[in-house]
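Across the two complexes that follow, subunit A remains constant while its partner is subunit B and subsequently subunit C.
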Partner chain A sequence: MDNQQKKHGALLKFVPRPDRPPITITYGPVGWLKKNLFGNLWNSLLTITVFFLLFLLLKPFLEWTLFKAVWSASTRRECLSISPDGACWAGIFPWVNNLLYGLYPDALQWRVNLAFAIGLLWFVPLALKKVQQKILFALMGVMLFPFLANYLFLGGDRSSVHYIVACSALAYLLTLYINIILTYLNGKRLEQHLETFMERFSKKRAALLGHSTIWFFLTVVIAYVFKDQALEHVGVDAWGGLFLTLIISGVSIVMALPIGIILALGRRSEMPIIKWFSISTIEVVRSVPMITVLFMSVTMLPLFFPNTMELNKLVQVLVAVCLFAGAYMAETVRGGLQAISRGQYDAAKSLGLGYWRTMIFIILPQALRIMIPNIVTSFISLFKDTTLVSIIGLFDIMLMARNISIDKNWLGLHTEPLVAISVLFFVFCYSMSEYSQRLEKKLNTNR
Partner chain B sequence: MKKTPKSLLIAAVAGCAMLFSQVQAQAAESTFETVQKRGYLNCIIGNSFVGFYTVDDKGTWSGMDIDICRSVAAAVFGDKEKVKFNSVQWAQSFTSIKSGAGDLLSKGMTWTLSRDSSQGLDFLDTYFYDGQGFMVRTDSGIKSALDLKGATVCVLTGTSSELNLTDFNRSNNLKMKTVVFDDASVRTAAFFNKNCDAMTNDRSGLAAARSTALNPADYAVLPETISKEALSFAVRQNDSTWANVVKWTFAALVEAEELGITSQNIDEIRKTTIDPVVKRFLGLEGDLHKGLGLPQDWAYQVIKQVGNYGEVYERNLGPDTALALDREGTLNALWKNGGLLYSKSFR
Partner chain C sequence: MELPFGFDFISSTAGFDIGWSIIPYEPTMSYGRVYLVGIFNTLILSALIILFATISGFVVGIIRLSRNFLLSQCARWYVEFIRNIPLLIQIIFWFIVVFSTLPPPKESYHLLDIFFLNNRGFYFPSPVFESNASWTLITTLIAGIGSFILIKKSRAYRKLSGNRLAALYPTLLALLSVIIIVFIATGTPLHWKIPTLQGFNFQDGYFFPTAFAAAFVSMTIYRSATIGEMVRAGIQSIDRGQLEAAAAIGFSPFKTLRLIIVPQAARAILPPLINIWLTILKESSLAVAIGFPELVSVFIQTSLNQTGRAIEIVMMVMFFYMCTSLLISFVMNRYNKRIQMQEG
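And now, the complex of A and B:
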């Protein structure tokens, strides 16, 4: 252009460029709609049809759940007289407390809340970046926390050993948090203050010694502070609702992995007794329905014990569920182990590592990483399977929900409670699967 | 190395022997002693059955079976609260009693020959006489169960109702089609949604289901009763000491109603009565309690805390409850009023 202008020397007549085509919005919601839903006539027709079908499907559901629902009434009869086609959510509200805590006394429910809060606190640091030795304190949590939780849930006269362990759990958590705060303030960790002193006893383990001393000291302090605090006893038969569901699934999820790993390693072992024991355990437990395992443990176990001995129904159930979950987990773990190539084993051997070191440092970390989706899937199904305990009369959230339909005031109200708890289950299961996906991403970045 | 399996075998044999001897020891001790040592009663009930055992949002159990259990606790301990309710499924009820997990079974179970003879139970007495009936929609025009030719009937699977229905079907050649359900509320909902023409269950259950309908007047229970359902309580087989305690506790409920003693007027009657029958009954005279091994005032405690049979019936099944079952003219009235409830002599 420039050259042309110079050549001719004269101004050329202004010729407007051809008009641009009208703007098609390709951004924002409108653009997205145009591009994906109404691109051409055929797509538009499809969109409209599908939306119409969706509307037809959702309309009665939404009407039932929201628009025609009754939110406050004192009996189901009243609900029906207000709006016969709507859901009667009013029946859920008086039972919410029972759905969450079972028959746990109202005045003592803070203990349940407190225990769950402590449990959460224990696992929050796992998500923090600067925290080190995550595996160690997760393990300590798994070992110590149940004692503390049990102490709070059950109350009553527990043995002094139990009390001390519960206090030590609290003390451990306290040291953990002080250390976390100190790390974030770039200060010295607690045990580092004591390190110079401790080095007199053992150079190598000074930090560990320091930490243990502080831990021990705090345990004593806590035990002394709370020594006059008596907790009222709440029997296991009063536990129920979501609280019980979480206990059963929590314990079984935590236990399933170690049991599974041991059984899986046993199955691949070359020692015949261990191998056949593992195989028979896995196959027997896996070949019968969970409900049978539950029935067995609840009806058969008491036959083996003297009449006067009260077997705790919850413990029986926990044993059964853990065994069941462990057997399934074993096969998942075995799948993961088999995915590890022969070369890894050989490499470990050539480095001179023994069986346990090979497994713990080389094979399992890789195998577990591969298995995350499978493990979480079995956790989710386990969480849902625990509703089966309602069949043997433990008042978990499922049985509580079904119980609403035979309450005098809410007779026949059985759909609404089931809808309500399915929402609850969805929240729990979905967050578990979300967590697993985040974990997968995080661990894969290391590769 | 060869030695290991052998010692294992010995250990296993020893273990089995130990278990066996324990089972033996268990059989020797009466449930009555076990209960007294334990300090509370273990009562086997089901998950839920309107009017018979239900738990409210406070965790309090109530119902006919619950009151039976409470009255036994009141007789043994003088405190109706000293009882623990274990709700179990049908399939598990028999083993719970056999294994000693429960001392008393009272879960609206029908007394049948096969259960009595081959399940390790002793049925003791009937506290409610029921029978199987049919419920239909009033606009269907059906007036009798014999009109149900070719109808579809909703029924709970695995219950005696299902078997009775089959018998009734065969003997009257009705060609009914059955639709089976596992869950009572689902069955009821299916019936209300017109998935079947009729629904069958014990009449008390039908009454409860009818009361949950949008408009109960749209449904009617047909007059025919096609089976005998004597709801009874049971204890472990061959344990007469314990069976006596339970049996006579129930008899006390009925006897009190016959004598006109209620939980309201019992204190006054106890002070003022001159009737030797009443005096004997309340433990003011004689030593009726000794044979049972109960405290002297056991019958007083039972009636004071739980009430007589009539009160128990009114509280759980009577006109003011969800079931709203009339008592007069049915088998559940006292024998004086033409029913079947008859207490043996307290003498």
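And now, the complex of A and C:
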């Protein structure tokens, strides 16, 4: 070793390597800028160009919407005299009421608000952790709430059955909330308090009996309390605006799932008649535009009913939209059904479960769980598609917005209402799609 | 209003005028002709939308994947804004706010005095074929078939021998030169009729009415956003390993794109793309809202109001949409099967 070193001593002179280039900063705001915007010459040039274009585009837009906009004026002429090249948002404000409720009388709009508040209350517990049997009360909500809502929206002399169902819906909601409060207070539900008493009548179903007794009792009380409260009749013609849009999309969203499940199961059925009926329904509805289904419902449905019977347009539209949404949902559900492995069916069969039990307890819960993001996506597109009802003359938010330009004070005010409802739709749809994406991530991590 | 079921109304005179049609139409013609006019108007509208939306959709999708943060965020918000606002609102916005506020014909915007845009529509030159033009057409057809056979042969040769035989570019060159020679030899039998302002309106040339332009622009934009999102998903679905493998065996970026990315992305993109094309065909019926004379407008609205034959007319319209949808999906599914991965 030592000898070798001496021999080559002359050769082993220390020669420093050239310096390494300085480390490019890849952290912090500067690093981020370097990496994402100014990585190389081409990238920097691109960034500057895009920035410039964006500036050119956004400046007039912001000026129009905000800086030069008129927020209070009594007519469009006044708007134009204040600022000729700004938006005239003043025209929207007197119409906000109509945009939200259509021609629903001002004094009775509390009914709409009340119904929507109750609807929201019904679905708040779904987000609470301690609440049990979420599916049950969501299902009850879907079945009972429409009667209550319809009773409130329509008013007038309804049949007593309708009245009692509406009261029972209210009573059910009340029991639900009492139960939730009790669960959070001491962990015992209402029927569990009654259990010892109810066991005298039936040992097995004491809880159910207790619950239904309270429900029945509350129904009677509510029906008695409100029996003199007559609600003024508001015809379907007066419904409109966002209110109508939400009704149509709400009903079709709620109906789409059961119709879709039935059609999807029918399509996979082994009975030829059911199978071919489902296939032809799905394929025909899916291969024609929604507008033709709407026209079909409006022009053809009256032909199949006796002349004396007057169908209202809303019902016809709802039939069409539900059919349409159901056919699309069927394909979504079918996608979920196909993703379930054969083993699940075999396992269910070996446990001795029949067709319906297999479907309800084994297959559908899994299939729907997989398809939740897709279902939300189709809800979003359904919500957007409800604007089509304006073509056949229902006064939804779209047609209401267009009517502003006919108002003699705001003659020719086209752009602002369209922009306003666009923003509204964007907020609704964007938040729904963000929610579905978050849901998708959550479901993926759970698996 | 009790009407017997039957299609006898098809041959009776329609008697109303249609604002714009590609096939000749007079009010004295029959309802059958009206049906055809509607079909052709729908087809030309949706074909143009499909073409342009697909191209711009690919552009949007590729911009969305750009490494430049600003650019990709621009594409992202473009997509989010466009697809979360109902199409009908966009159509009406373009029609009322943009195309109806264009200047009158006398002050119309123009490009090189050939294309004109005003509040009546978009005017562009129309080709005029003389009788000799058929020779050029025949030559084009024969040359096209010939080059197709040649390319097939060269592909078969490559499979057998492993050597590439340049076929595409030489054939294309030969094809073009032959066509041009024939075209000149027969005395250039093609002229363009340029629209000119006469009185209050333009004469000569073709034009698309503003309703068509609004429907076309709005639906192209709307669908470019959806297709862009699909293209992004398709390209992102390619495994990173594929790109690394391509880099490892020394493929250039362009070669990677052509031989690795595009074929695999096409497999993921094509099935949803077919669906979107079908949706566009169906969606083009929304042009009824701004009064463009497409099938739903001329047939379900006008003709149905005049004849009262609800069942027959709705059935005929649905039949057209069904047939076209089934045809497109049949053809495209066959093509799709060919390009999908063949295992085993």
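Convention: the second predicted complex is superposed on the first by the 383 of 447 C-alpha atoms of A that agree within 3 Å, B and C clash if a C-alpha of one lies under 4 Å from a C-alpha of the other, contacts with A are read in each partner's own complex, and residues count from 1 in each chain.
By our rule, a contact is a pair of C-beta atoms (placed from the backbone, for glycine too) under 8 Å apart; a residue touches a chain by one contact, two chains touch by 3 or more.
Just so you know, these numbers come straight off a predicted model, no measurement behind them.
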| item | value |
| --- | --- |
| Subunit C versus subunit B on the shared subunit A, clash or fit after superposition | clash |
| Subunit B versus subunit C as contact partner of A:39, first or second or both or neither | second |
| First, second, both or neither for A:299, with subunit B first and subunit C second | both |
| Touched partner set for A:244, first subunit B, second subunit C, both or neither | neither |
| Which of subunit B and subunit C A:402 touches, first, second, both or neither | both |
| First (subunit B), second (subunit C), both or neither touched by A:388 | second |
| Partner chain in contact with A:414 - subunit B first, subunit C second, else both or neither | both |
| First (subunit B), second (subunit C), both or neither touched by A:375 | neither |
| First, second, both or neither for A:426, with subunit B first and subunit C second | second |
| Subunit B and subunit C contact sites that coincide on subunit A, given as residue numbers | 295, 299-300, 303, 390-391, 402, 414-415 |
| In the complex with subunit B, residue positions of subunit A that touch it | 76, 80, 84, 94-95, 97-98, 102-103, 237-238, 295, 298-300, 302-308, 310, 313, 390-393, 395, 399, 402-403, 405-408, 411-412, 414-415 |
| Contact footprint of subunit A on subunit C as seen in their complex | 67-71, 74, 80-81, 84-89, 92-93, 96-97, 278, 282-283, 285-286, 288-289, 296, 300, 304, 310-311, 314, 317-318, 321-322, 325-326 |
| Sites on subunit A touched by subunit C in the complex | 36-37, 39, 43, 46-47, 50-51, 54, 283-284, 287-292, 295-296, 299-300, 303, 380, 384-385, 387-388, 390-391, 398, 402, 414-415, 418, 421-422, 425-426, 429-430, 433 |
| Subunit A-touching residues of subunit B, taken from the complex the two chains share | 19, 22-23, 25-26, 29, 34, 37-38, 47-50, 54-57, 59, 84, 86-89, 91-92, 95-96, 99-101, 185-186, 188-189, 208-209, 211-214, 321-322 |
